[in-house]
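Shared between the two complexes below is chain A, which pairs with chain B and chain C, respectively.
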Partner chain A sequence: MTRPLVAIRGVSQRFGAMPRKVGVIFQEANLLPWLSAIDNVAFPLKLRRVPKSERLEAAARMLALTGLAGFESRLPHQLSGGMNQRVAIARGLVQNPAVLLMDEPFASLDEQTRMVLGDELLRIWSETRKTVLFVTHSLNEAVYLADRVVVLSARPGRVVDDVAVDLPRPRSFAMSSSERFGILKDRIWQHIKHAERR
Partner chain B sequence: MTRLRLGQVALYLGILAAWEMLPRAGVVPRLFVPPLSEALGTLVADRREYLGSLPTTFGEIAVSYVIVCGGGILAGQLIGASAAARRMLLPVLRSAYAVPLVVLYPVMMVWFGLGSESKIAFASIYAFIPTLLTAVAGVAALSPALAETARAFGATRAQQILYVSLPASLPSMVAALRLGGALVIVGVIVAQMLGAADGLGYLITRHRTLLNSPGVYAGIVLVLGITGMHEVLLRRLEQKVAAYRQS
Partner chain C sequence: MRRHERFIVAAGVLGLLGLWEALARLGRLDASLAPAPSTILQALGRLLRRPEVLQSLGVTALAAFVIAVPMGLLIGFTLAEVPGLGGLLRPLVNFLFGVPKSIFLPVFILVFGVSIPQKIAFGVFTTIFVLIMGGIAAVQSVPPELVTVSRVYGASRLQIIREIYLPAMAPILLESARLGMVFNITAVLLCEIYGARDGIGYRIAAWGENLQMPQLYAALVLVAVAAVAVNEALRLVESRLGAWRQRS
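Let's turn to the complex of A and B:
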């Protein structure tokens, strides 16, 4: 089996190898249930045999960045779904990757948590300036978060449009009811409205 | 919770009281069930004999325990981790589990003699398959998502086993240990009862042939004590290991 090659801004990465330059965040938080929040965040560093004090320090910084200072010793079942996803984001960031790959990271959360975490992601982005590759099925999420929306067709997944989102930053909730926002959303919708999901 | 506890305590006390009162009242013949106090009295009076049977019994249990739990859990981990091995071996193991293995004990005696070896052989064979099946089920039930996540962060195969599969399957391994240990105790006692020159099971059988009911029940009380202790210890270990599961 050949591993897919992903190249973004000079970072090329074959998945399955040692994706140190890419932090991955999945649809589910997928935290190790027996590890505390801080140990979960430090886990990728543990795999690379980074000394313990160093990796706990890095993990604590990432938890603070994702708004979880004070929750370091909680186990995943003691945290809400949204908080677990914040832990997962902190874990994705802890190796200081060049690229953050987020595969529908908020899809399993409720609307309210989803909005809050979207704004959190924008704040984290503005502090870290990582390139974020964000997969979503939500038009709002795509236009609200992104600089650029690449629209894929369903099966075969071909690029059907590449939309530059020219909304100013920082983004605000009020923008999502602006005319420009609606125009961008509609342009994407025209491409995908006939494609049945699954 | 406390109400539940109280009910449980009352139930235990009720059983013990019935054990004491029913034979005394003549409802149950004393030959069938002697009063609890008589059994305990015999246990205390003949303590030298009963305690003297324990080193052999515990020794046989210990060796079988290591064979069953070590071998059974290790084999369970290996078989459970491979879907092909599960498909091939599980039907065979399940049908082997259905065989009443007690029928093998006379054969064990012929092979290994009247001493400890035949008890260890029987208890090990008796407890091995259920322990292994429990361990396999525990490993097979692991969510592949966690191992995949670890792989996405660059975990090697060895790291996936060490940091993900092993800790994730620890609670079910303790469950296998609990079942395997209980069956080992049963296996050793039964083997001693069927043919031995020493041990707690042998004592029980000897007193039975002499129609000495208090002696039989003194041995039974001791067996209950051993299994009860094992159960309490393993349950405590289980709670410790599975603490993260409680929500």
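Let's turn to the complex of A and C:
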């Protein structure tokens, strides 16, 4: 596989692991089960041999940011699925990357947790102002979270639309029943309703 | 076990021993087959005054263990990580794993003679298959998605081994080392019983043939306690290192 060329903030390079520029959050939390929450968050820094006190301090800050202060020493199996995903987000943020890649990060969570974490993500975004590239199959999630929704067709994945979401920020749950929200959702739906997920 | 459960178990064991003692003293049990526990205890006391009887077993088993563990794990890792080789040799390992190793003891005696190298070699031979299987299982237990995560966060190959492979494999490695030790002790004892001039196994065989029951039972108790102690010690380390494996 050839490594595609990507440009981040105007600097283009071949895409490989770019741990300091890109934080990645997966569909599953994929935490190391033998490490506590704080050690999991500090893991990317450990790989870069950041001194222990420094990396634990950074990890504690990220856990506080994702609403997990007080849970630092818990192991993944002692936390709920939603909390583990928060730990994964903290881990993605700990190196202060320019971009956060989120690949259906809330897909394996229940609806309630998903809504709460969506709002949390908006709050974290408003505090850190990261560029977030968020992959989702949920129309609500796409319109609710994004400034811009890029609609891809299924197989081959081509860009079929690029929708600017002009809802004001901060977003609120009440907006999801507004007329504008419905219009945006409908526009996206028209593109994808025939493309069955396979 | 909770405290009162332990109490009940202890009381049950003591009760049975008391019953045995009473029946033996009343002459209701054949003393040549089942001597009274107090007689066995005296024999055990005499045996414990000569701790060197366990030395041969301990030293031989330890030597075999120290050779078998790294060798077995290394073979296991290789079979798990090199696809072609693994496909070729794993059926053979599986086959040999199922064969009782004791049938090969005469061969080892023919090759090495009745000697310490023979006992160590047989111990290694008996133990190594558990460790090969353990090594393969340990490698396969490493979650591939965690390797992906570490790559994404820039881990080098060495870091992936140290930070992901080793901690993920540790519980299974220790488990197979523990099982290996059980096989190993059995193998060395078998060597001592079958053809040796010294060691606790040799004495067990000799006492059995001479109907020296108190000594025989005392030796059984001693070997059992020693083996259980080794096993429990390894299990303690294992549960410490594997605490993260518990599911909530």
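FYI, the second predicted complex is superposed on the first by the 186 of 198 C-alpha atoms of A that agree within 3 Å, B and C clash if a C-alpha of one lies under 4 Å from a C-alpha of the other, contacts with A are read in each partner's own complex, and residues count from 1 in each chain.
Going forward, a residue touches a chain if its C-beta (ideal position, glycine included) is under 8 Å from a C-beta of that chain, and two chains touch if they have at least 3 such contacts.
Keep in mind that what you see is a predicted model, and the values were worked out from it rather than measured.
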Note to self: What does the overlay on chain A give for chain B and chain C, a clash or a fit?
What the structure shows: clash
Notebook entry, point to check: Regarding the shared-chain residue A:Ala64, is it in contact with chain B (first), chain C (second), both, or neither?
Noted result: neither
Note to self: So in the superposed three-chain picture, is A:Val150 touching just chain B, just chain C, both, or none of them (first/second/both/neither)?
What the structure shows: neither
Next item on the list: In the overlay, answer first, second, both or neither for which of chain B and chain C A:Asn30 touches.
Entry: both
Next item on the list: State which residues of chain A lie in both footprints, the one left by chain B and the one left by chain C.
Entry: 17, 19-20, 24, 26, 28, 30, 32-34, 43-44, 46-48, 75-78
Next item on the list: Using the touch rule from the top, collect the residues of chain A that touch chain C in their complex.
Entry: 17, 19-20, 24, 26, 28, 30, 32-35, 43-44, 46-48, 75-78
Check: For chain A, which residues count as touching chain B in their complex?
Finding: 15-20, 24, 26, 28, 30, 32-34, 43-44, 46-48, 75-78, 91, 95
Check: Any idea which chain B residues touch chain A in the complex?
Finding: 145-146, 148-156, 159, 163-164, 167-168, 244-247
Note to self: Please output the residues of chain C touching chain A within their complex, sorted ascending.
What the structure shows: 145-146, 148-156, 159, 163-164, 167-168, 243-248
